[in-house]
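This structure is in C-alpha cells; I'll ask about it shortly.
Each chain carries a letter (A, B, C, D and E) given by its place in the written order, and its residues are counted from 1.
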C-alpha cells in the first residue's frame, strides 16, 4: 500500500513535468522553419505528393533505415531466442484442426490481402500509407495463412530470403545515392517525374516497395517464430 | 684530549681506589644489613677473600664464546662508566677520560655491561639466568623514566650536559647543591637509584630465594670474579655519578668516599625496610611517584 | 578515404547478406561478421590517422543530399574518429572473443552483434536528435538480444529489466526531443544547441528531459539496478562491450549535448556523476561476484567521466586530455577484465585465484587493476593528475575530495580482488583453458594501455621529463623472466650499479639526495645480493623489485611534482607486488596498498594545492603554498607518513614486513621506508616554517613520532614472531626519525639523518640475517629457535652489532643518534616528548634481548642440531653493512659534518660545531673516535686479563647446567623465551591496546555496512528499478526546475 | 465539433487504457489496449495525420494486439 | 482541440507509467508500455499540428500554397518511426516474458528477483 502511495506521488511528479510541458505548449498557427521548408520545397526536391513519405524515405531516410534495422533485429533476436528447430517437432503432434471455413477463406482472402498491402506501399508517395503500413498488411495475410495451417513451414525460408534481399536492395540503393545523386539514400537516382503520378518521386516507390517487403517479411517472421515457439522447457 | 701514559696510569690508580672502596663499602653494607636483621655478618675483608678465591679457582667451565666474553662486557660497562666520569672535581688527574663524552655517554654506557651480562648468561642456557635477565630488563626499562626526567631537568637547570660543568655550578656551598636547588629532580633520581642498585624491594632480578642468583647463575670461578670486580667498581661509579649530579660533586677522595657511602647507604636502608616487589609492582611503582616527581621537575622550568 | 557512411552501409549490407546465406553457410557468416567489423575499424582508423596527421577540417556527411536541418547529417571529426575507432576496435576484438559463442547461437546472433557495433558508431557520429534516438533504440534492442547469448534465467531477467528501464528512458527522450523540436524548430543538434533552450523558463524543460534521459542511459546511481544486472548476467564478452563500447558512445552523446542547457546544468551533471562515482564504488566493496563487481566499477568509472564533463567549464582546455586519459583506461581495462572474467568463469572473485596458473594472465589482470586505479604509466594516471591539478587551480576542493575518495573506495575492492588472485588459498579453483581467440583480445587491451600511457606522457605539463629508462629496464626484465635467478640477479645488480654511475654526476653537490640515492641504490645492490641464495626462476620478482627501485630513484631525481608523484606511485606498485609475494602476505599486502593509495591521494591533493598556488610545476612549488597551506602541509605529511608507518597509519607494516620474503623484508624495511622520510624532509625543507600552521603541524608530528616510537618498541617487545618483532622495530625507528626531523633544528635533523643511515644499515642486516634464519629453520616463532650461536656464529655477530646500534650503546653509531637527541630536545624544549623517546629507547632493549637471546642463545633444539650457517650470499651484504656501521661509528664526523653543513643554511642557528673529532653543542660534547679508542683499549685489556686468568676454560655440554639439581634433557622446557616479559606486559601492556587497529577495523566495517545497507535498494525487482528511474527523473526535476 | 469528438475519443481512450491496465482478464486487457490504439488512430486523423493513423491502426492496434494474443496463447498452452 | 488531444496524450502516458509501475503481471506491464508509447505518440503528433490545416499530402493542395495549408509533416514521420520501433520493443518484451514464464512458470514480476545487490 505504501508503495502504491509512493508510486502515486511519483506519478504526480511526472504529472507535474507533463503539466509544465503542457503549459509550455502554445499550439501552432503557422508552420515552423523545418515544416515550412518541406511544404515549400518537398514537392520540387523529392517529387512525392505525400510529404510524410518524402520525409520518411528521403529526408530522414537514415532514420527509416534504422527503423527497418530495429524490426530486423527484433526478428533476428526472437528467432534465436525462441530457437525453432525442426527436430524438436514431434511429427505426430496433435495438430489443432482448423475449420474448413478458415482454410478455404484463407486461400481466397490471402492473395487479396497481399494485393492490398502491395498497393499501399507502392502508392506510399501519393496517398497515406507506405512501406510500414503495407508491410503490416502483408504480415496479417501471412498470419492468416499460419492460422489456417499451423504447420505452415515453407514460408520461413522464403520469408528470410525476401527479407534479406529487400534489405540489401535498400542499402544498395542508398549507396547508389552517394555516387549518382546528392548522398546516401538520396531519391533522385531516377527522375522525379510529375507530382502525383505513380512513377514519380525518384526511387521512393522502389525503396518503399523494398521497405514494405522487408517489413512484411520481418513481421511475418516474428509472428511465425512466436507461433512455432516450443513450449517445452529446454 | 690527553692520551698520554701518565694519564693512563693516574686513571688506573683511580680505578684501583674505586675498586677497593667498592669492596669495603659492600662488606660494610652487608654488615649493616646483618646487624639490622640481628645477625653478626661477614668480616670487613670478606670481599677480598672472595675475590682472591674466585680468581684462583682452577676449574674454568664455559658454555661458549659469548658466555666467555659476557663478563668482559660486564666489567667493561663498569670500568667504562668510571672512565667517562670525572671523579674528583678540579683535579685533572681524577677526571679520567670524561673529555670524550658527557652525561649522555654515561647514561647509555650503563647498557653496555648489562647487555654483555645478559648475552653471556643467555648462552649458558640456564633458565634462571634468562628469567633474571627478563626481569632485570623490565625493571631497568622503567627506572630509567624518572632518571631521564631528572637528567633532563638538571640539564635545563644548568643548561649543560657536561658533568664537570654541572659539578662546577654546585660549588657555591652546601645550599647550591642540586639537592636544594632542584629537589624534585633529586627526588626522582634518588628513587630511581633504588632500582639501579637492585636492593630490596627491587631485587627480584636476583631474587635469591626463587632463582639462585639470577643472571650470573651459571658463572663461577674467574668469571664470577670478574663480575664481582665489576660490582664493586660499578656501585661506586654509579654513586659517584649521583654525587656529581645532585650532591655537589667531590673536591677530594675523602669527600667522594663519604658521599658515595651515604648514597649507597640510602638504597641499603630502604632495602632493609621494605619487602620485595614483584616485577609488575615495581614497574608500576616507578611509573607513579618517581615519574610524577620527574615530570614536576621539568614543569617547574617551563 | 572511405566515407564514414560506409560504416553504416557496409555493416547493414553484410548483416542483410548474412540473413540471406546464414542458414547454409555458417562459416561464411562468421567471417563476414569479422570482415564487417574489420572494415568498420579500418574506416574509423583511417579517419583517426587522417585527423592525427593532417590538420584536417571536420567532415560532415549529408544524407539524402540535403542540408541539415532538413535531412540528417553525420559528423566525422577527430573526436568522432577516435571514439568510433575505439568502439570498432573493441567490437572487432569482442567479435573475435565471442566468435565461438556467437557461432553456436547462430547467424542471427552475429547479425545482432554487427548491428550493435554499427549503431554505436551512428550514435557517436549523428548530429540529429531523432536519429540519435533511433540508433540508441537499435543499440538497446541489440543489447537486449545479446544479453541472451548465454541462455540462462538470470540473463532473461536482466534483459527484461534492461528493456523496461530503457523503455521508460526512451519515452522521456522522445518527449524531450519533440519539445526541443517544438521550441527550436529543428531536430539538428547544432540548431538545438544554438537555440539556447536553457535560457527561457518555458523551454528549459526540454533541456531537462534530454539531459535526464541521456544521464539515465549512463546509469547514474541509484537508478542503475538494471544496468548492474546486465553486467552480472550477460556473457562477460557482452559485458565488455556494454562497458567499453556502449558507455563510450553514451559518454560522447553527453559530451555532444553538453552545451544544451548552459553552465548551471553542468553542476547538476557533475553532482550526479560524483554521486554515482562514489556510491557505485562504495557498493562494489561488498561485492563478490566478479561480473557484478565489474558492473559496479564500470558504472563508477562512467560516473567519474560524467562528473568530468560536468566540470568541463572548470577544466577548460584540459577537459579533452583528462576525459580521454580516464576514458581510455576504463575502456581498455574494463574490456580486458570482463574478457578475463569470461575466461575464468568463476562465480566468486575468490575463484580468480585460479589465475595464478597462468602468470601471464595474472600480469594482465594486474595491469588492468592498476590502470583503473590510475597508476603510472597508464593514461588514467595522467588524466587524474591533470584533473586534480586543474581543479586545484580553480579552488574546487570538494570536487577533488570526491574524486579521490571515490578512487580510493574503488581501490578497496580492486586490490582485494587482485590480492585474492595473487595469493588466496582457495580450495576449489575453477579450471579454465585459454583459447587463443579469448586470450588475444585481452592482450591487445593491455598493450593499448601501456602504449597510450607512454604516448600521452609528453602531453602533460612536465611529462616529457619523465624518465622511462628504468621502466624500459623493468620491461626487459619481464622479457627475460624465464631465466634462472642468478642471471636475472646479476642483470639487476648490474643495472643498479650502472644507474649509480649514471646518476652520480647528476646528484653531485646535492648531499641530501646523494645520501638517499646511496641508501636506495647501495641498499638495492646489497639486498639483491641475497637473492643469489634463491633457486629456480623466481617469476615476477625481479621486474617488480626493479620497478620499486626505479620508483625510488625517480623520487630522488624528480625535479617536478609530476615526476615525483609518478615515481612515488611506481614505487608503491612495485613494492606492493614484492610484499604480497610472501606466503601469508595477502591481507597485509592489501592493507599496505590501501594505506598507500590513501596516502598517495593525500599527496596528490597537497601537490594540487602547491601547484595552484603559483602554477609552478617544479618541486619548489612546495615552498610557496599560499592556498590552504596548513591543509596542504598536513595532507602531504600524512601522505608521506603512510610510508613511514607512523602511529595511526602503521597497522599495515608489521604484517607486510613480517610476512614478506626473506630478502624482500630488508628491501621494504631498510630501503623503502626511507622514501617516506625523504618526502617528509623535502616537505619540511620547502614549507614555510614560520607559519602557525606549519609550527602546529610540526608540534603534532613530534608527538606522533614520539608515541609511534613508544608503541612500536613496546609492541616489538611482546612479539613472538621474529620478523614481526623487527617490523615493529622499524615502526619505532621511523617514529624516531619523524620526531627528529619534526624538531626542525640542525641538531634534530642531524639526529634524523643519523637514525636514517643507521636504520638503513642495521635493519638491512637484521632482516637479511633473521630472514635467512627464519627460512632455514622454517618457523617465525622465536621460541622454537634457540642456541643458534653455535651453528651460525657469523649471523650472531652481525645481529649483535646491529642490536648494539639500535640500542644506542656507545661506542657504536647508534649512540650518535641518542646524543644528538638529547641536545636537540634540550635546545628545542620538547622535554616530555623527549622523555617518551628515551623511555621508548630503553624498552628497545627488551625486544633486542629477546631477539638475540631467543634465536641465538639458550638451548639448541633437537631438530636444529644439523643446521648450518646461513647462505654466504646473505652474510656478505650483511657484513658490508656492518663495515659501514663501524666506519660510521669510528668516524662520525666524516658523515655528520658535511650533513650539518648542508642543512645549516636551512636553520637559523648552527648548533653543532666540530673540534677535530669532537662534536660540540651548547650543552655537551661527544668524541666518537676517542670513545671508540678508549672503549676498544679497555676492552682489549680486560679481555686479555680474563684470557690470562682462564685460558684453559673447558667447553661443557648443552645440558650441563645447574638446574635445581636436575639435568634437563628437553631443550624446549629449558629455553626461556615465550612471553618472557609477562610481568612487564601485566604492568604496561595496556599502552599497546590495539586502539588503532580497532579504529581502522571499525572504519572498514562502517564502510562495508554502509555499502551493504545501500545496496539493498537493488532489491532485484524490475519494477523497483523502473521506479528508481522515475524517481530519479522526478527528484532531479524538482531540484533542478521545481524551485526547490 | 472537433473539440467534442476529441473529448469523447480522449475520454474513451483513457477508459480503455484504464481497463487495459486494471482488468483482471488478460484477454480483455489486451483488447482494451488495442482499443486505445484504435482511438489513438482516430485522434491522429483529427490531427490531420492520416499516415500515422493508418500505421497506428495496422501496427499499433492490429499487429501488436495479435502478438500479445499469440504470446498469451503460448502461455496458456503451457499452463494447461 | 489540440490542447485536449495533447492532454489526452499526457494522460495516456501517465496511465501507462502507472501500469508499468504498479502492475504485477508482466503482460500488464508490457501493455502499460504500449499505452505509454501511444500517449507519447499522440503528444508528438499534436506538436506538429497547425490549427485548422490539412494533412501534408499534396493531392488537392498545390505545392506553391502548401506552406499555408498543411500541418508539419516531420513529427508525423517521427511518430511513424516511433510506432514501428515501439512494435519491435513490444515484441521483444513479449518474447522475453514468454521465456521468463517458461523459466519460472509465472508471470508475476516479483518472482524474478534472482539477481540482486
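The definition used in the following text is that a contact is a pair of C-beta atoms (placed from the backbone, for glycine too) under 8 Å apart; a residue touches a chain by one contact, two chains touch by 3 or more.
Predicted model, so just to flag it, every value in this text is computed and none were measured.
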| item | value |
| --- | --- |
| Number of hops, subunit B to subunit D, where each hop joins two touching chains | 3 |
| Chains contacting each of subunit B and subunit C, listed by label | none |
| Distance-to-centre winner among chains (Cα means, whole assembly as reference) | C |
| Of D-E and C-E, pair with higher C-beta contact tally | D-E |
| For subunit C paired with subunit D, centre-to-centre distance based on mean C-alpha positions, whole Å | 59 |
| CA centroid of subunit D to CA centroid of subunit E, Å | 11 |
| For subunit A paired with subunit E, centre-to-centre distance based on mean C-alpha positions, whole Å | 16 |
| Subunit A and subunit D, separation of their C-alpha mean positions in angstrom | 18 |
| Multi-partner residues of subunit B (each touching 2 or more other chains) | none |
| Multi-chain contact residues (two or more partners), subunit A | 7, 10-11, 14, 21, 25, 32, 34, 38, 50, 52, 59-60, 63, 66-67, 70, 73-74, 77, 81, 128, 132, 219, 222, 226, 229, 231 |
| Two or more partner chains touched - positions in subunit E | 2, 7, 13, 17-18, 21-22, 43, 46-49, 55-57, 70-71, 74, 76, 78, 80-81, 83-85, 87-89, 91-92, 94-99, 102-103 |
| Chain-to-chain touches, reported pairwise for every pair that qualifies | A-C, A-D, A-E, B-C, C-E, D-E |
| Touching residues on subunit B, where the partner in the complex is subunit C | 1, 3, 55, 59-66, 68-69, 71-72, 75-76, 79-80, 83-84, 97, 99-105, 108-109, 111-112, 114-115, 118-119, 122-128, 130-131, 133-135, 137-138, 140-142, 144-145, 148-149, 152, 155-156, 159-162, 212, 217-218, 221-223, 225-226, 278-281, 283-284, 287, 294-295, 298, 302 |
| Contacting residues of subunit A [partner subunit C, same complex] | 6-7, 10-11, 13-14, 16-17, 20-21, 23-25, 32-34, 37-38, 45, 58-63, 65-67, 69-70, 72-74, 76-77, 79-81, 83, 157, 160-161, 163-165, 167-168, 171-172, 174-175, 177-178, 181-188 |
| Residues of subunit E that touch subunit D when the two form their complex | 1-2, 4-5, 7-8, 11-12, 15-16, 18-19, 22-23, 25, 27-28, 30-32, 34-35, 38, 41-42, 45-46, 48-49, 53-57, 70-71, 76, 79-80, 83-84, 86-87, 90-91, 94-95, 97-98, 101-102, 105, 107 |
| Residue ranges of subunit E touching subunit C (in the complex, touch as defined) | 13, 17, 20-21, 24, 26, 29, 33, 36-37, 40, 43-44, 47, 74-75, 78, 81-82, 85, 88-89, 92-93, 96-97, 99-100, 103-104, 109-110, 112-117 |
| Residues of subunit C touching subunit E in the complex | 130, 134, 137, 141, 144-145, 153-154, 156-160, 163-164, 167-168, 170-171, 174-175, 177-179, 181-182, 187, 229, 232-233, 286-287, 1015-1016, 1018-1023, 1026-1027, 1030 |
